[in-house]
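In the two assemblies presented below, chain A is common to both, partnered first by chain B and then by chain C.
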Partner chain A sequence: MKNQANPWLTSNLFLLGLGLLPAAILIGALLYFTAWAFAFSFTDLALVGRKSVEWNWVGLQNFERLFTRRGFLESLWTTVIFVFFSAIVGQSVLGFLLAAVLRGSQSTIRSVVEVCIMLGWLLPDIVAAFLWSATTSQTGLINQLIVVPLGFPPINFINEYALPIVTIANIWKGTAWSYLLFSAALDSVSREVVEAAKVDGATPFQRIWLVQLPIIRPHIATNMLFITIWTFTYFPLIFAMTGGGPGRQTEVLAVFLYNQSFSRGNLGFGSAISVAMLVIVGLLSLVYLRMLREPK
Partner chain B sequence: MESTGTSRVTAIALAFMAVIWISPFSWLLLNAFNPMSTGQLEIPRAVGLDNFALAVSGNAGRQFLNSMLIAAGTATLSVIVGISAAYPLSRLRIPGRNAFLWTLVLLRMLPSAGVLVPLYFAAQRSGLLNQLGVIIALTVLNLPFTLLLLKNFFDTVPIELEEAAYVEGASLLQIVTKIVLPMSRAGIAVVWFYSFTGAWNEFLLPLIFARVQDAFPMSVGLYAAFGQQGAINYGFLTAFSIIYAAPAVGVYFLLRRNMNTGFAGVGVKG
Partner chain C sequence: MSDVSLRGVRKSYGSLEVVHGVDLDIKSGEFVVFVGPSGCGKSTLLRMIAGLEPITGGDISIGGKVVNDVPSPQRGIAMVFQSYALYPHMSVYENMAFGLKLAKTPKTEVDQRVREAARILQIEDYLERMPKALSGGQRQRVAIGRAIVRNPKVFLFDEPLSNLDASLRAQTRVEIAKLHDTLDATMIYVTHDQVEAMTLADRIVVLNAGRIEQVGSPLELYRNPVNTFVAGFIASQRMNFLPVSPSSDGLLLPGNRLLTLSHAKRENVRTLGVRPEHLHLADPEAAHFSGSLSVIEQFGEYALAYVELPSGDLVTIKLDGAPDLQLHQTIHIGLPAEGVHLFDEAGRALR
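Moving on to the complex of A and B:
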C-alpha cells in the first residue's frame, strides 16, 4: 500500500494509469447516465407524445406528487413488508440456521441440502416466476398434494394470497446467498474459541448467540446490506408473477417505477421515484455501514 | 446416545426441507419430458425428448446463442476491465478510493429502470442498439461491484511476495500475471460467475435494446412466449426453461470449489 516503498509500482505509474483508463471511461458513462436520471426527475418528460419532445422543467412537482397522490406511499409500505419478511426474516435467519446446523452434519446431507437450495438461487428469475405460478395455480402442486386431499376446494393462491406467495417465492430463491455467506463466515471462526466455550459449559444456544454471532458480526452487516438493497429494488420475479396485482397488492416500488415510467410513460415522475428509492437505499446503507465499522 | 438421537432428528428435518425445496421442480420435469404435455401436474403416459428438440431448433436455438454471447461477453469484458483497474486501485494510495467505490456501488443500487432511459438514448445515438450495446451497457452497470470485489481480493495478496519477485527481477506484468492473478483465482472466478449469471438472467435491458426477434436472448424469448395468447405449448416452455436454466447451474458446479473460497472474501471488508 505504500507508494514510495514499492519501486515496481512507482516506476510503472503510466502503465497502471493506462489500466485504470477503460474503467474510468465506463464509470464516467455511469455517472453521466445517473446525472441524466436525476435531471429527468425535475421535468415532465414523457415516453411518447408531445411531452417526449417539448418537455418542461417543473421544479419539485414530481416529488410533491410522491406524497400527495396515491401510489408511492402504498408501494413503499408493500416494499417494506416484502423486504422484511422475505429478506430479513426469511433469507437471513433461515440461511444462518442452515449454515449453523449443516456445519455439524454429515457431508452427504450437507451436499444434498446445499445443492437443493442452490438450484433455486441459480434459476433465472423468469423461470422461477414460471415455476411458482405453476406450483401455486389451481391445478398446481400445493393444491393437488395438500389442499384437495384434505377435502378443501382448490385455492387460487396467486389471486388470494399474492403478497405471501411472492414473499415465499423470494425466500425460496434467495436463501442460498445468505447461507453461503454465513457458512463462509462460520468457517472463519476458529474451532478453539468454540471448544473453549464448550469447556466452560456454554450450551449450544449460548455458543451460537454469545460466541459465534459477535465474531461474525461484520459478515452479518454485509449480508444485511446486500440482501436488503437487492430485495428493495428487486423487479423481475414479482413483475413476471403478478405484474403488481391483483389490484396493487404486490406493487412494490420497483414495479411501481416500471409501471409509471413505461406503461404510463411518465418518465419524469418515474425518475423521481427512482431518486426517492436511491435516498432510502442510501440511508439504509449508512445504518449498516455503521454496524460494520463500530466493533473494531 | 442423546447426541445421535438429536442428529437423526436434524437429519430428517434437513431431508424434509430439501424435498420441499426441490418439489416445485417436479412440475417442470414432468411437463418437459412429456410429449403430450398439457401444463397439468400429472405423470406422463409416454416419456420423450420431443420438447427439447423443439426448444433447441429454429428461433429458440438462436436465442440460446444470443444469451451465451451476451453473458460470456459481459463477464469477460467486466473481468478484464475490472482487473486492470482494480490492481492499481488496490496498490496505489489514491485518497478517498474506498468512499468513491462505495458511492459507486450505492449508485448502482438505483433500480436499473431508472438509468434505462438515458442508456437507451445514448445507445440509439451511437448505433449500439444491438448485442454489443447490451454487453457494454451491462458491463457499465456491473463495474462498480466488480471493482469493489476484485480490489478486496487483491488486497489480500501479501505485498511481500511482490516485493520478493521484484528483487528477483520480475517486471510489473510478470508480477501481476504470475503472482497476483493466480493467488486471487477464486475471487476472479466468483466475479466472472456473477457477471455471467447476471447477464444471462438480465431481462429488462435486452427487452428494450433488442428490437428484432433475431436478437432476443432467452429471457426475453421466454417472456414473449408466455404472452402469446391462445394455446400455450407447456411442453415447449418447460423444456425451454430447463435449457435456459442449465448453463448457470452448470457453470456454478464447475466453479463450486472456487466459489466457496471466494465467498469468504465478499464478506468482510468495507
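Moving on to the complex of A and C:
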C-alpha cells in the first residue's frame, strides 16, 4: 500500500530503513538483555574464576536445580507472602480505605494525611531502609520510647520479626500510589450516582461496597497488576534493611537472585532464576488482564 | 397526605447565605415547578427537600411531619437526577430494584413492582440491558422508573430533560405530564427552561437570588407578573422594557410620542413592559414609535423583528406568518391599550 500523502517516502526503501533505525536499535537493546539472560540460563557461567571464560552449555540443569536444591522454592514462598501482605492486603486495601474515607473529610485533614503518605513514597529506598532499621533495632526509637519505659527488656524487632517489619515498611512506602490511583478513580464516580444510592436507602458502607467499588473495578485490577509486578521484583528496600536475613527469612526472589549471581557468582543459575521470575510475573499479568475485561 | 410545606427555609455555606428564608405550601397531588436563572437556589431548595443537603434554618414538612433531621430514604421521596445517575454496573432491572432490595422487600413484590413500573414507562423490552446500551431518552425512563418503584409520596425532578435533544425533550415533557395524571402524586420539578415551567406546572415558583419572586399558575404569571424579573423571565419571547416618563395625560414614550393612559399611580411609572406578541405594525401617523429593522428571524409560522429606535432602545415584535420586510427599513409600531405592563422605579408592577 502506497502512502498517498508522501509517495516519495514509500518508494525510497533506503530512507524507510533509516527511519526505522532508532526504533530497531531500541527494541534490539531491550531484547538483547532478555535474550542474554535466557541464553545464559542454559550455561554454567560464573562471575569470577575459570568458568567466567570457559563456560559450558549445561542444558536444563539450572532449571532442575531451582526445584531440587533448597533456596528457590523457599524464596518463592517468602515472595508470595511478602507480595500478598504488603501489596495486595496492605497497600491496596489501605490505599482504598484511605481514599474512600478522606474523600468525605475536611480538606485540611486530607492534605495532612496526603503529605504524610506521599513522604514515604518520595523518600529514596536507601534512606527509608536506614530509617526503618534505626527505628526497629535493639537500640532503636520504638525500644527507647515505648518498650523500655514500660519496663520490658528491649526487643530487636528487625531481627526477630524480620518479614513482618519489611512488609510494614513496604506498606508505608507504597500506599501513596494506591491511594492516589483509587482517589482519582473514586473522583470519576459521578456524585449524582452516589446520591441516588443515598436516596435509595444505601448506608455509607453499602454505597462503597455495592456502588462505588463495582464501578471502579477496572481501576482496581489495573492497580493490582502494577503493584503485584513491582512488589514481586522489588529489591532495594529489603536488601538494604536485612540483606535477606536473618538466615533466609526475608530472602525474596530478587534478593535470592542477587545473592546467587553476585555473592556466589553463579551467573548461569542466576539467569535461570530471572527467567523463572519472568514466567511467574507473566502468568500473574494474564490473570489480572482477564479481570480487566468487561463482564458479560 | 403528601403535601409539602417550607417555613422560613434557609441555606448558608459558611457566611454566604444562598437561600434567604423560603415559605411555600405545596398541596397533595400538585405539580410545582421551581424556575429561575442558574445560581438562584432552585436546585439547592430541591436537594434540601430531598435530604441531600442539610438546611441551615426553618422547617421542611412532608405529609404534615417535620423532616428536617429525617434521612432521605425515610422521607417518602424519590428523585430523578439531571444526569439520570443510573448505576452503570447494574442492568435496568437491577437499577430499578436496588432500593427495594436494600429495604429487604420480598422478591415477588420487587419483581411485581419493577414490572409494573416498566409497563407504565414502556421499557419492558430492555429490563435486562445495561444502562450504557440505552439511548438518553431510554435512560431517562429508567431513572423515572427507579423513582416510581419506590412508590413515593413526592417526586423530585432536578432538570431531568436538560441532557436530551430538543425533539426528545418535547416528547418526554408530554410523558411526564401524563405520568403526573396517572400517578396522582405530588411532583416538584426544577428547571431553568421557562417552556417546561409553563407547560408542566399547576403552579410555578419563580426564584431569583435565593428568594421567591412570585408563585402562581402559569397564566397568572404571564398576565400579571409582579415585577420586571418575573415579567422578563416568563414566556418564550422576552418582554420589551422601555423607559418612559409620566406626563399630564399619559406616558411619554421614547421618541417623545404620547401614550394616553389614565392610571391612578401614573406618576410612579418609570418602565413600560410589553410582550412582543402584543405589539402590532401601525400606520406612520398612528404609531407609538418607529425605528429601523436591525434583524429579522423568520420561523415560518411567525417572525421576530428586532427594531432599533432612534433612542437606542431595541424592541422585539412578533409578527404572524412570514412578513415581507427589508433590513433597515423603517418600522412603525403600535401599542395596544391592554397588554401593557407598568413598573415603578424599583421594578414593581403597578396595577
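In this text, the second predicted complex is superposed on the first by the 270 of 296 C-alpha atoms of A that agree within 3 Å, B and C clash if a C-alpha of one lies under 4 Å from a C-alpha of the other, contacts with A are read in each partner's own complex, and residues count from 1 in each chain.
Operating definition for what follows: a contact is a pair of C-beta atoms (placed from the backbone, for glycine too) under 8 Å apart; a residue touches a chain by one contact, two chains touch by 3 or more.
For clarity, every value in this text was computed on a predicted model and none was experimentally measured.
> Is A:P246 contacted by the first partner chain B, the second partner chain C, both or neither?
neither
> Please work out whether A:D200 is in contact with chain B alone, chain C alone, both, or neither, and reply first, second, both or neither.
second
> After lining up the shared chain so the two structures overlap, which partner does A:E192 touch, if you call chain B first and chain C second: first, second, both or neither?
In the superposed model, A:E192 contacts chain C only, not chain B.
> As a test of reading the superposition: which chain, chain B or chain C, is in touch with more residues of chain A?
Touching more of chain A: B.
> Pick one for A:W132: touches chain B only (first), chain C only (second), both, or neither.
first
> Contacts for A:L257 in the overlay, against chain B (first) and chain C (second): which applies, first, second, both or neither?
A:L257 contacts chain B only, not chain C.
> Going by the contact definition given at the top, which residues of chain A touch chain B in one complex and chain C in the other?
No residue of chain A touches both chain B and chain C.
> Which part of chain B faces chain A closely enough to touch in the complex?
Residue list for chain B touching chain A: 7, 10-11, 14-15, 17-18, 21-28, 39-41, 81-82, 84-85, 87-89, 91-93, 102, 104, 106-115, 117-119, 122, 136, 139-141, 143-144, 147, 159, 162-163, 166, 170-173, 175, 197, 200-201, 203-204, 218-219, 222-223, 226, 237, 241, 244-245, 248-249, 252, 259-260, 263-264, 266-268, 270.
> Mind listing the chain C positions that touch chain A in their complex?
The contact residues of chain C facing chain A are 50-52, 72-73, 77-79, 81-83, 85-89, 98-99, 102-103, 146, 150.
> Which residues, counting only chain A, touch chain C once they are in their complex?
190, 192-193, 195-202, 206, 210-211, 214-215, 217
> Once bound in the complex, which stretches of chain A touch chain B?
The contact residues of chain A facing chain B are 1-3, 6-9, 12, 15-20, 22-24, 26-27, 29-34, 36-37, 40, 101-102, 104-106, 109, 112-113, 116-120, 122-127, 130-132, 134-135, 139-141, 144, 172, 180-181, 183-185, 187-188, 218-219, 222-223, 229, 232-233, 235-236, 240, 253-254, 257-258, 261-262, 267, 270-271, 274-275, 277-278, 281-282, 285, 289, 292-293.
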